[in-house]
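Both of the next two complexes hold chain A, though its partner changes from chain B to chain C.
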Partner chain A sequence: MRERTIGLLLAVPAIATIALLYMMPLLASVTGAFETEAGFGLDNFIKARDLYTTDILYTLLIVSASTLIIAAFSVAIAGYLTLGENPKAVAILRWLYRWPLFIPFIVVGQVLRTFLAKNGLMNNLLVAGGILTPMQTMSFLDWRGIVIAFVWKQTPFVTLLLAGAMASIDRATIEAARNLGASRLRILFEIVVPQVRTTLFVGMVLSFVTMMSVLSVPLMISAQSPTMITADIAFRINAYGDYGVANALGMISLIMTMAVAIFYLSHNLKEKAR
Partner chain B sequence: MTSAAFLAVSDVIVGYGGNTVLDRLSLSIERGEFVALLGSSGCGKTTLLRTIAGFNRPQSGSLTLAGRDITLAAPDKRNMAMVFQSYALWPHMTVAQNIGYGLKLARKPRHEIDARVEEIAGMLGLAGLEDRKPAALSGGQRQRVALGRALAVEPDVLLLDEPLSNLDARVRLNVRHEIRALQKRLGITAIHVTHDREEAMVMADRIVILDKGMIAQQGAPHEVFNRPMSPFVAAFMGAENIVDLAGVVEGNRVEIVEGPSNRRAMIGLDGRRLSSGRVEARFRPEAAELVPASATAASDRNGAESRDEDALTLLGTVEQTSYPGGCWRHVVAVGAAKVAVDAPTAIEPGTPVTLRVPAAALFLFDAPGRGAEPVPRLVAA
Partner chain C sequence: MSALSMQDGRAAGKRLRLPFDLKWLPRAIVLGLVAFAIFGPLANLLLWTVAERWYFPHTLPLEYGFSYWAKVFSPRGVAWESLFTSVFIALLAVIGSLALAIPAGYALGRLKLPARGLILLVFLIPQAFPNLPVYVNIARFFYDVGLNGTIAGVVLVHVTHGLVFAVWIATASFAAVDAELEEAARSMGAGPFRAFFDVTLPLALPGLMASGIFVFLESLDEFTGAYFVGAPDVQTLPLLLYTAGAGGNYQIASITALLLLIPSIFFMLVVERFLRADVLSRIGH
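Let's turn to the complex of A and B:
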């Protein structure tokens, strides 16, 4: 009994830190979402709905699309790292793919802004190469630019997780499939990916949550309407000092990430039950 | 090496980096034969199997299967199926999916796959487990699924990479016989890699002993067991007791010169490759007859001058006894050497004893590293 008390006492500083620095601000933000001039109510949410429904859907679409594209690219890259038969190509890819991990989101936004603009580097190259005429060029600085930035930045992260998981599966399971005549593509999708699907799923959920919270990329690439929730929250606070609607928008993005987290957890439980 | 062999490995060199693992190795295997590749770890046996399977590419040499050159053929173009040491079952597939995957890859129609899976599962005692995942199977069942997966595609050659080493001892004994019986019934050619001598002996038609990337000896189990051609093979076949002797070869016999711990003996050469000089004698613990020296003293008096014919008698002292089961094991000091000898009854440590090793169980080799100069005492004799 005494030991239990001591154990609890030892955990108190940690619990207090979490309560003060994490739970309190979160609760303040949640209650803030319901605070209006006329007391507690749903006014902030109604206003958020009226003004930002397009942006909410826009955010959901951009982040979901990015997550799926990231998954596709990381499966392709990690798959090549695992099954590639040209050692030099594998070594080069292994060296290259991690670079975006070390570049901050804001820099990614800035780099892609100069690259994707109507008279940016990409279009200049295409025109110089005779592929496009200057009249045909167009700016990618809209939802496509945001998706490209997210994919560019997050693919290495999911690839890193996935390549690690693929490296730790029993090589003999791959050889056994090769032995029976499976092509590399079939081995990737029928043997390798099913064995690392939990890791892929974790990477996708973490990427989803990360992208939901990025402000710099939408601000750098496409801050005009429609834009992402993060840009709207910043705008509500910086331009109007409107913490109520900002908190309501925060709640909405929290609900979106929670939905993904719950989906992930229930999937995980089902896996374990099997 | 005959060109008519079903599977022929000719002068194959395989290496990793600068390291040569197989050094100009040649081996031929007949159709329907069960061959065990036996050796300690690092001898190249798994590399040889993987080269035959197509997972390793030889730097030089060639492989042919039924007259077709398969040296550079992809693993799936050889019609061989491998059973892996780890079983390598696909954890996300059921037993039926694991067994049927090779047929699915071969684009066989659905009903044909189902029928074949059912047949294989029945044959291997897996009926009723088809819908389970590998994680829900015992070690022996997993091993049979791995075997079933390989057999389902009706390969010309079945490659077994230490498939029994992850099974517990009792299951292993059963599976040995099951695999052997199945191989005979299906008439399939099988190559089995193992480091377990007894496993190789009971399963294979022919044992190929590998040492440092080369074949040390090959032959039927009883041949390799009873006629080891080198100290390495003798040791691998359980003849770990070593005694240094001196011998003089005369015609088709060798005379073992009397020494401080051995009597004089005449042993028929009987195919042994031996020359006069220092001789390394090897024998198994169960091959020697152990008798207290006092018991033999009487009979010795009659023929003290006579020599032992076709048996070697060693003199020693029991140092230690233990009971591993079945018989008593004695550690006997013979001169500077310590040898292990089995006997039905225990003899007290400290007792002087004689060991009688019959010629048939006595393996004699030229002592390693002996120079050209003969032993001086032999010259005098």
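Let's turn to the complex of A and C:
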């Protein structure tokens, strides 16, 4: 009983901070989405639908595609780090993969804006290598550029989590399967990945939400429509001071992530129940 | 007999060696592609920081030089001030969030809490929803109470944002410390604070350092919150980078980006020393 009280007292300041500086503004964004000049109503959502349906769909496409690509890459990299048999190749990959880990999104935006542009280093090298002519070069500074930027930045993060989880699973089952002649690919998908499923989901959910919140990458790579909701929210506020539509767009992005969060939580509860 | 077995051995050796060498070909191609995907864009950034003139269709800059560096770091340049502001804000954010996260993480990682799952969920929420609508409305709220455009306002936003990482990692680190060690200290007569500061805290320290590092970097690199709450009065490095890039000044944007890269890459190189696998595997549990 005493331990519980002490525990609660220790946790209260942190909880209060989240409540005051996170929950309250979050609630304000929800109520703000329904506030119109004529009282509460759905006008903001109608306006958001009329103006930004394309961007809403593009946001969903960009973030979902990025999440899946990130998951595939990080399973591949972490799997090789765990099961790879050539120590030299494993060491090189371990050294390589995490460079973008802590590079801030704003820097990723700037770096890839220069790299993927029509006159960026990528196209220049392809032209210099005789693979493309200058006329054939194209800019990737549209929704594809945003996907590339997200994958570039988030893959190392999910890989780090996964590789950590994979390193702490029991090697004996892997060795046993190996002795029975199972291929490494089969071991990865039938023994290793199922055991780190929770970590993979955590990484994917965190990446999904992070990408839904990033403003700098869409602003820097492709701020023109079709772009992401985040860029539209900033535009509504900076250009028109229009908090109503901005909050309505915010609500839409909240609903998208809520769906993902509920999926994660129900999965987590099922896992706990077992 | 022995000659025969030697011949066998040599043949087997040959058969083994040839595919081994060939095996490096796909490996080298894949590793080369990964290296290009990672270092290509970074090389592009480095070139921009020293490019005096560079335009289409030239593969490489036409002139190299450091004149933009001189401009950025001149006494009247904005970089020094932004760098100082950014580091100051980040340090305050680390102090604030660790002061809140260490007690909370200890309670969540070690003590029996009523509704522990629910409390962990509360700290999940800022990661479970996009931050942008929150920043928009926090800026509105801060405007009313006079915190908009102040360092304190930006620090508060960064503490809240960093608290998620800090509490999660602190919880995992305290959970990874063997509870019996603290009990042993208690049974030998140490008070609860002594047992915590002499036994549990030092053992959890690597994880806590990692969470401090995360908060520091998150704050240093944070753009969205500073964009709504701080700008234009509080000019952090990311805001400087954004303004320069939006104005088409790729040299100044790239130099600022490089400044932000240095601490990021340094921490990337040391992070695994702090975040051990047993802590990592407990995050989110």
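Keep in mind that, in the parts below, the second predicted complex is superposed on the first by the 256 of 274 C-alpha atoms of A that agree within 3 Å, B and C clash if a C-alpha of one lies under 4 Å from a C-alpha of the other, contacts with A are read in each partner's own complex, and residues count from 1 in each chain.
In this text, a residue touches a chain if its C-beta (ideal position, glycine included) is under 8 Å from a C-beta of that chain, and two chains touch if they have at least 3 such contacts.
Note that the structure is predicted; figures quoted are calculated from it, not measured.
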Touching partner for A:N179 - first (chain B), second (chain C), both, neither: first
Chain B or chain C, by number of chain A residues touched: C
Contacts of A:T257 with chain B and chain C, given as first, second, both or neither: second
Which of chain B and chain C A:G7 touches, first, second, both or neither: second
Chain B versus chain C as contact partner of A:D170, first or second or both or neither: first
Which superposed partner A:I191 touches (first chain B, second chain C, both, neither): first
Chain B versus chain C as contact partner of A:E37, first or second or both or neither: neither
Set intersection of chain A contacts, chain C complex versus chain B complex: none
Touch list for chain A against partner chain C, complex: 3-4, 6-8, 10-11, 13-15, 17-19, 21-26, 28-29, 32, 86, 89, 92-93, 96-107, 109-115, 118-122, 124-125, 127-128, 134, 152, 160-161, 164-165, 167-168, 198-199, 202, 205-206, 209-210, 212-216, 219-220, 230, 233-234, 237, 243, 246-247, 250-251, 253-254, 257-258, 261, 265
Residues of chain B defined as touching chain A within the complex: 53, 55, 74-76, 80-82, 84-92, 101-102, 105-106, 133, 149, 153
In the complex, chain A residues that touch chain B: 170, 172-173, 175-182, 186, 190-191, 194-195, 197, 274
Footprint of chain A on chain C - complex, ascending: 23, 27, 31, 34-35, 37-45, 47-48, 55-60, 100-101, 103-104, 106-108, 111-114, 119, 121-138, 140-141, 156-157, 159-160, 163, 167, 217, 220-224, 227-228, 238, 241-242, 245, 250, 253-254, 257, 260-261, 263-265, 267-268, 271, 275, 277-278, 280-281, 283-285
